[in-house]
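One chain, subunit A, appears in both complexes that follow, with subunit B as partner in the first and subunit C in the second.
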Partner chain A sequence: MSARETLAARQISRDDSLVGRSIVRPNIRRHTEGGGHFVDDIKLPRMVHVAFLRSPHAHARIVSIDSNAAARMPGVIHVATGKDIAAISKPYVGVLRHMEGLRSPPQYPMAVDVARWQGEPVVAVVAESRAQAEDAIQRVDVGWEVLPAAVNMEKALDPSEPVIHESYGSNLCYRQIVDTGGVDEAFAQAHLVVEDTVNIGRQTGVPLEPRGLIAAYNAADRELTVYHSYQSAHLMQGTLATCFSMEERQIRVIVPDVGGGFGIKIHTYGDEVAACALAIILNRPVKFIADRFESFQSDIHARDHRVRGKLALDREGNILALEIDDLTGIGPYSMHPRSSSIELLEVVLFTGGNYKHKLYRARGTVVFQNKNCMCQYRGVGHPVAFAAMEHLVDQAALKLGIDPAEMRRRNLISDDAYPYTSPSKTRFEILSHQKCLTQLLKLMEYDDLRKEQAKLRKRGIHYGIGLASFFELTNPSPLIYGMGGARIGTVESCTIRLDAGGQIVVHTAICELGQGAETIVAQIAADAVGVELSSVKVISGVDTLSGPTGSGAWASRQTGTVGEAVLQAGLTLRKNILDVAAVVLQTSEEKLDIINGSVVMKDGKRGGNVSLLELARIAYYRGNELPSTCEPLFMATHQFRIKDYDFVFSNGAAGCLLEVDPETGFIDLLKIWCVDDCGRAINPKLVDEQIRGGMAQGIGPALLEHCIYDDQGQLLTCTMADYLLPMSLDVPDIEVHHVQTLTKTSALGAKGIGEAGASAPPGAIMNAVNDALRPFNAKVTRQPITPEVVLEALGKISQVSSVSRQA
Partner chain B sequence: MIEPKEVFDISLTVNGERLTRRVQVRTNLADFLRHDLELTGTHVGCEHGVCGACTVTLNGKIVRSCLMFAVQADNCEVQTIEGLSRSGVIKDLQDAFVQHNGVQCGFCTPGMLAAAHALLQQGPLPSRERIRDFLSGNYCRCTGYQAIVDSVQAAANQRARSSMP
Partner chain C sequence: MKAPRFSYARPDTIAEAIALLTRFGEDARVLAGGQSLVPMLNLRIAAPSILVDINQISALNGLTVEAEKVHVGALTRHAHIESSTDVSKYLPLLALAMPHIAHPAIRTRGTFGGSCALADPAAEIPACSVALDATFVLAGPNGERRVPAQDFFQGALTTALKSDELLTGVEFPKSKPGYAAAFGELTRRKGDYAIVGVAAHGFISQARLSDLRIVIFGASDRPVRARHLESELEGKEASSECIRRAATALDADVEPRDDLHATGETRRYLTRTLASRVLSDLMKVGVS
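Moving on to the complex of A and B:
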């Protein structure tokens, strides 16, 4: 360990360190008083409102647009078609260069000539109020030539299906294959082969605050300012610069409070680009706030995977080989800028990545279809991968008569086997699957739970216990997007300073979405320098003009990367402060420490104290008291990126207890436990809350949430009464415990936590339902597991309605 | 069809302040509060009465302001989160939400607090099940609800303790 590393470790693990403590978020009181500042709360002078006419058809040619009547409606200022917007905005392409074969045509902000999903923006109406804009939309007359739609992903590659992008000749978007070799031989020689198909339905993220922005253009200086509910200010800055052929310095993105993101607010949405284009065209501020109906039609959807899986096992239940075939339909375009292939890629690379087998073959296929676009949402592929794998593991355990917990104990990679390279060549630095499983079983009182279950079964009460082991990609290197040509950064920076008022001011590009990101930064900064939390002011990634370049909230990366930049910058500032203090106190820097905002003698001798406030006063106002050789630098900067691994990973194990009513098919989720290892937990309470919130977003799709399309490509779930989200009665108390295995990719040792919670419930819940259904010799493999799905599995109804079966 | 220009004069009390305003008859109460009165603490999450983010108090009862027209609030008394805060009646609930991290992004919080306030007025010491039941019309996408239930329960316990002789 270098001296610097030793100091870093000391500063964040002293008795009085704030890191590791469940500090209450200091800046959330305003939200309890209605003092939040969300984009729809902002009004600018001369601001006007845009509403969009969206395609009512899944696939249709625009023959004509007559907007004369609309233009004469009260309050209407401007009507624009897709062609009008395309005249000032370049199209974008959701392709990453390093993903061989991935293809998607240029996508314009609004449909030009052909609309390819129901909900694609077609005509924009700008009016003095949103209501007037919506009134006018009713008077726009679009002549449509309805085209046959490719809706079902299973059929998308059939020659009989309509091809969405003619020049491609088929609806294939991307294919990914992994093969270690030896898989067929393993299956031929296996004692047992377990095979099944798991279907994970389409879902969406539903941040409670819908997407929205205000774009304001200053024609004189050719500057565009955008107030945006978004997860990365700099990403949008880059995107808009490209669209409008402007320099990035001409675009300022300001992110006010964001009412939930979850991966929904980190993509390029045509309606948002069009609203910015309209601000440029009209030279006045334009506000766009999606209503809930259009959010369901245009916010990215996710999942919608069909995974065929096959496991080869020996007599003792050791997994010998795994094979999967994953299919997903992503809508008509691969989404810009992250592409819509990553979810499938993560299923292909990560399925079975927590188990010991060496032989693996995977085939992944991404197809285009005439539905809303799909892209990365909290968990990205992981919930699919773990639902499929954990299901197979349980099915194998059942066939072999081995307890599911024991099955995992035998097959999960040993904690001492790390660093470990999986059969898909994914490099894992250090994980703790066995330790998490052991702690989980203890936490659940697993053996007692099994006894209780057996007792209740005799009384006709059907409890199910389900387990899922999981891991989560965190803190990515440039491998994931940057090297594919996307302007998605992986470097984070921090500038930290001691100001004249004795306050520590921390600038980062961290994006606060409610996770507590700013609190984490404050805790780390306070420890690094040696001050109290109340002395730290955090300026987060709200403004591209004033903050450092950063990448925002995605891939559970902010704590691990921004946090490390803060720690290192803070240590440098501490050193700079001590240099000046040593001059003032006429001693040497090594003899000094900073405790609670005061420089003190390490040996505790008196007479050597000076507060940071006093040092700041001397440096900023009374420099005459310092010798000319002393040049205070009360400002420090650090940039950090992950270098040694492609990704850092976190991991964990989850269990759930539920009751299935075999008469009604209703599932009552009783309890969830989770043991998570996110490396160093900077604020354990906030880690718990990320797990709980994430798990609610895994419970939803497992049991309730489903974007249902009919066979014409019409979305049937466009309200919150049709798309069912977990309510407070649907989410049980979730008990969270921590294992902390530090990553060595940073001095901070934090791996990340944001998305992990969402990954486990689909697998754990499906296993629990099937555990409950075991006496009936029935099983479910389709999510969401609605009462209908359960009753079908029980043979009580003949077939799940074609609508909810639609994949 | 009602002509969009049709307007109506209403008088109402908002957060203790007597107001007269001319409103379009089709303007819902949430938009009236947010845009006409600039009381932006009332949030709009779905505009069809499911999510509960727009919950305010009308004549002492909680309502979804997105499901009411502003004209229906004529001669009524409305309390928004701004008024509830200023009056101090929910300070303990607010403290508890801060203390237990019942707030993440903050978008559901004003509606959630209005609902929790209504629950605690119904009687002391509601069970966790009762809290979950009562708040089931207020959606939160961030927390998974547990911290919110913890917050409400803590405030209820505190009220019960302080009302003891």
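Moving on to the complex of A and C:
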């Protein structure tokens, strides 16, 4: 270890270090007292509001638009069609260069000629108030020629289905294949082959604060300023520059407080680009705040996968080979700029990636359909991959008469095998599947739980116990998007300074969505420099003009990457402060330390102390007291990117206990346990919160949440009454423990954890339900596992409704 | 999701409210707790030109216990009924049902009359009022009229109320000695409207059931008396097994609907299962 690395390790692991402690978020009081400052709180002079008429059809040609009556409505300032917006905004294309064969046509912010999903924006009305804009929308008369819609992903490639983009000749968007070879032979020789198909329904993210922005145009300087509820300010800056053929310096994106994102707010949405276009056209600030109804129709959806899986095993239950075939329908376009193929790609690359087998074949197919667009949402592909694999593992265990826990013990990659390359060529630096499993079983009191289950079964009470092992892609390198041509950075920067008031001010591009990102920055900065938390001020929000460049909140990357930039910048500032202190105290820098905001002698000798406040006063106001050779630099900057690995993976294991009522098919989720390994846990409580919140977003799709379309492509779940989010009473107690296996890709040693929670429940819950159903010789493979799905499995009803079938 | 423009009036008396309803007819809407009406306005499902806010009319508020009956004012909040000892004493079925309505915040604002006037097919209060043979008191320009619960609910979101009428309250006969009540519902999440629910009330003597009133809600377009099942069980010594067998009679009582959460077939199955459970509970309550 270099001296710098040794120092870094010491600063964050001293007895009084804040890193590793569950300190309360400094910004919690402001938020709980209603002091948040969200986009909708901002009001600019001359600001107007936009609302959109959205396509009522899944697929239809726009024959005519008559907006005369709307234009005459009170308060209406402007009415624009897709063509009007297209005149000043270039279309965008949601493909990445490094994904061979991926195709998607240019997409305009609003439908031009043809609308391709119900909910696509068609006409924009700008008025003095949102209510007036909505009044006017009811007066817009659109003549439609309804076209046949391709709705069902299973049929999307049938020659009889309508082709959504004619020139493509079919609805194929992307295909991905992985093959290690030797798979057929392994299946031919296997002692046991288990095979099944798992269906995971469509889901969406539902942040508390809906999407929204205010776009303000300064015609004199040709500058567009956008206040945006977004997870990645710099990405939006690049996107808008391209759309409007402007230089990036002409676009300023400011992200204030954000009320949740979950991956919903990292994509290019036509309504948002159109709002910016309208600000340019009208030369007035335009506010767009999505309402909940249009959020359900236009926020990206995710999942909706059908995975056929097949496992080859030997007599002892060792997995020899895995084969999967994954199909997903992504709506009519691949979403800009990340593309809608990544979720499938992650299913293809990660299914079985925590197990030891060497032989693997996977085929993935992405098709277009006339439904809302799909893209990356918390967990991206992982929940699908783990649901499919964990289900197969349990089915194999059942057939072989091996306990599911033992089955995993035998097959999970051992903790001493790292670095490890999976059959899909995914490189894992260092994971701890076995250790997490062992701790999980202890935490669950697994053996006792099994005994209890057996006892209750005799009394007609059907408990199910389910396990799931998982890992998570975090802290990505440029390999993920940047190399594919997207303006999605992976570098993070931090500028830290000691102010004249003795305060440490930290400036990064970290995006606080409610996950506690700013708290993490404060803890690391305080430790790196050696001050108390109360002396640290983290600049809130992201501003592409005044702040450092960064990439934002996605792929569970901020703690690991921004955190490292803060740590390194803080260490440099510490060194710079000590240089000045050494002069003032007439000693050498090596003899000094900074503790609680004061420079002290390392050997504990008294008399030599000087506070950072006093040093700042000297440097900023009384420079005359310093020799002319002393040049204080109370400001330091560091940039960081992940280099040695493509991604830094984290991992964990989860278990759940539930009761199935075999008479009604209702499921009562009783308890969830999780042991995670995110490397260094900077703030264990925030890690717990990430796990618990993520788990709620994993319980949802497993049991409740479903974006349901009818066979005409009409979305039936556009309100909170129909789209069933788990509420506090539906989420059981979730016990979280941590294992900490540090990554060496940074001095901080932190891996990401933001999405892991969402990844485990679909697999663990499905396994638990099937465990409970075992005495009835029944199993479910379709999510969400509604009472109807359970009743169908039990043979109590002949068929689930077509909507429940939809996954 | 912004409501269209509307005018707003806040009368102090029933007479003033009726005058406004008479004047504006179909264009007016009564505003009680607003828990259902306000979302309907924002979704533009309802677009009245005037809201008649009845929250200031004190005559509509509260419970009155009389010799034979309990009168529940239309403006009485769900939370008030839930915590009323009079209700648990005289209307035990209603007391069992109240905690199933939505969540505490909604029960604090939502009103008894609002729930009845809305007539959601899966709502608890309408079902209990049919099971308890309640009488609805409607006030209009020509005075008051009384409608039995059975006739008040005429379909999904449809009642006997005319556009110039106000529901002022509901009268319940007090539960008599020897009568027992049981209630159950199946919901996707706690607090949701029921996929199916069962409210049951009857006289139990020496383990025999009589004067049974069983109401199924959530299954059809309104709360439905399960008359076939009732007569099947009338006078019987109802063991769990007997109840289970009798529950097939429900197939003649309800014609369940399809919706997002369950097909008609599923509902039919769940109705039988739940009714068996609720009636077994009723026996237990009655016997103990």
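Just so we're on the same page, the second predicted complex is superposed on the first by the 805 of 807 C-alpha atoms of A that agree within 3 Å, B and C clash if a C-alpha of one lies under 4 Å from a C-alpha of the other, contacts with A are read in each partner's own complex, and residues count from 1 in each chain.
In this text, contacts are C-beta pairs under 8 Å (C-beta built on N, C-alpha and C of every residue); 3 or more make two chains touch, one makes a residue touch a chain.
As the structure is a computational prediction, the values presented were derived from the model and not from experiment.
Enquirer: Report for A:L716: first if it touches subunit B alone, second if subunit C alone, otherwise both or neither.
Expert: Only subunit C; A:L716 stays clear of subunit B.
Enquirer: Return first, second, both or neither, reflecting whether A:L479 touches subunit B, subunit C, both chains, or no partner chain.
Expert: neither
Enquirer: Should A:L157 be classified as contacting the first partner (subunit B), the second (subunit C), both, or neither?
Expert: The answer is neither, since A:L157 touches no partner chain.
Enquirer: Kindly classify A:G514 by the partners it touches after superposition: subunit B alone (first), subunit C alone (second), both, or neither?
Expert: First partner only.
Enquirer: Could you tell me if A:R25 is touching subunit B, subunit C, both of them or neither one (first, second, both, neither)?
Expert: After superposing on A, A:R25 lies in contact with subunit B but is clear of subunit C.
Enquirer: For A:L44, decide between first (touching subunit B), second (touching subunit C), both and neither.
Expert: Touch status of A:L44: no partner.
Enquirer: For A:L742, using the defined touch cut-off, is the partner it touches subunit B, subunit C, both, or neither? Pick first, second, both or neither.
Expert: neither
Enquirer: Once chain A of both complexes is superposed, is A:D291 in touch with subunit B (first), subunit C (second), both, or neither?
Expert: After superposing on A, A:D291 lies in contact with both subunit B and subunit C.
Enquirer: Between subunit B and subunit C, which makes contact with more of the residues in subunit A?
Expert: Touching more residues of subunit A than the other partner does is B.
Enquirer: Which partner does A:D135 reach: the first (subunit B), the second (subunit C), both, or neither?
Expert: In the superposition, A:D135 touches subunit B and subunit C alike.
Enquirer: What residues on subunit A does subunit C touch that subunit B touches too?
Expert: 131, 135, 291-292, 719, 721, 726-727, 729
Enquirer: Which of the residues in subunit C end up touching subunit A in this complex?
Expert: 1-5, 43-44, 186, 188-193, 195, 258, 260-263, 265-266, 269-270, 273-274
Enquirer: Could you pull out which subunit A residues touch subunit C in their complex?
Expert: 129-131, 134-135, 138, 291-293, 663-664, 666, 704, 708, 716-717, 719, 721-722, 724, 726-727, 729-730, 786-788, 791, 796-801, 803
Enquirer: For the complex, give me every residue of subunit A touching subunit B.
Expert: Touching subunit B from subunit A are residues 24-25, 28-36, 38, 40-41, 43, 74, 131-132, 135, 205-210, 257-260, 262, 291-292, 513-516, 685-686, 689, 692-697, 719-721, 725-729, 731, 733-734.
Enquirer: In the complex, go through subunit B and note every residue touching subunit A.
Expert: Residues of subunit B touching subunit A: 4-5, 24, 26-27, 34, 38-48, 50-51, 53, 80-82, 85, 93-94, 97-99, 101, 103-110, 113, 128, 131-133, 135-149.
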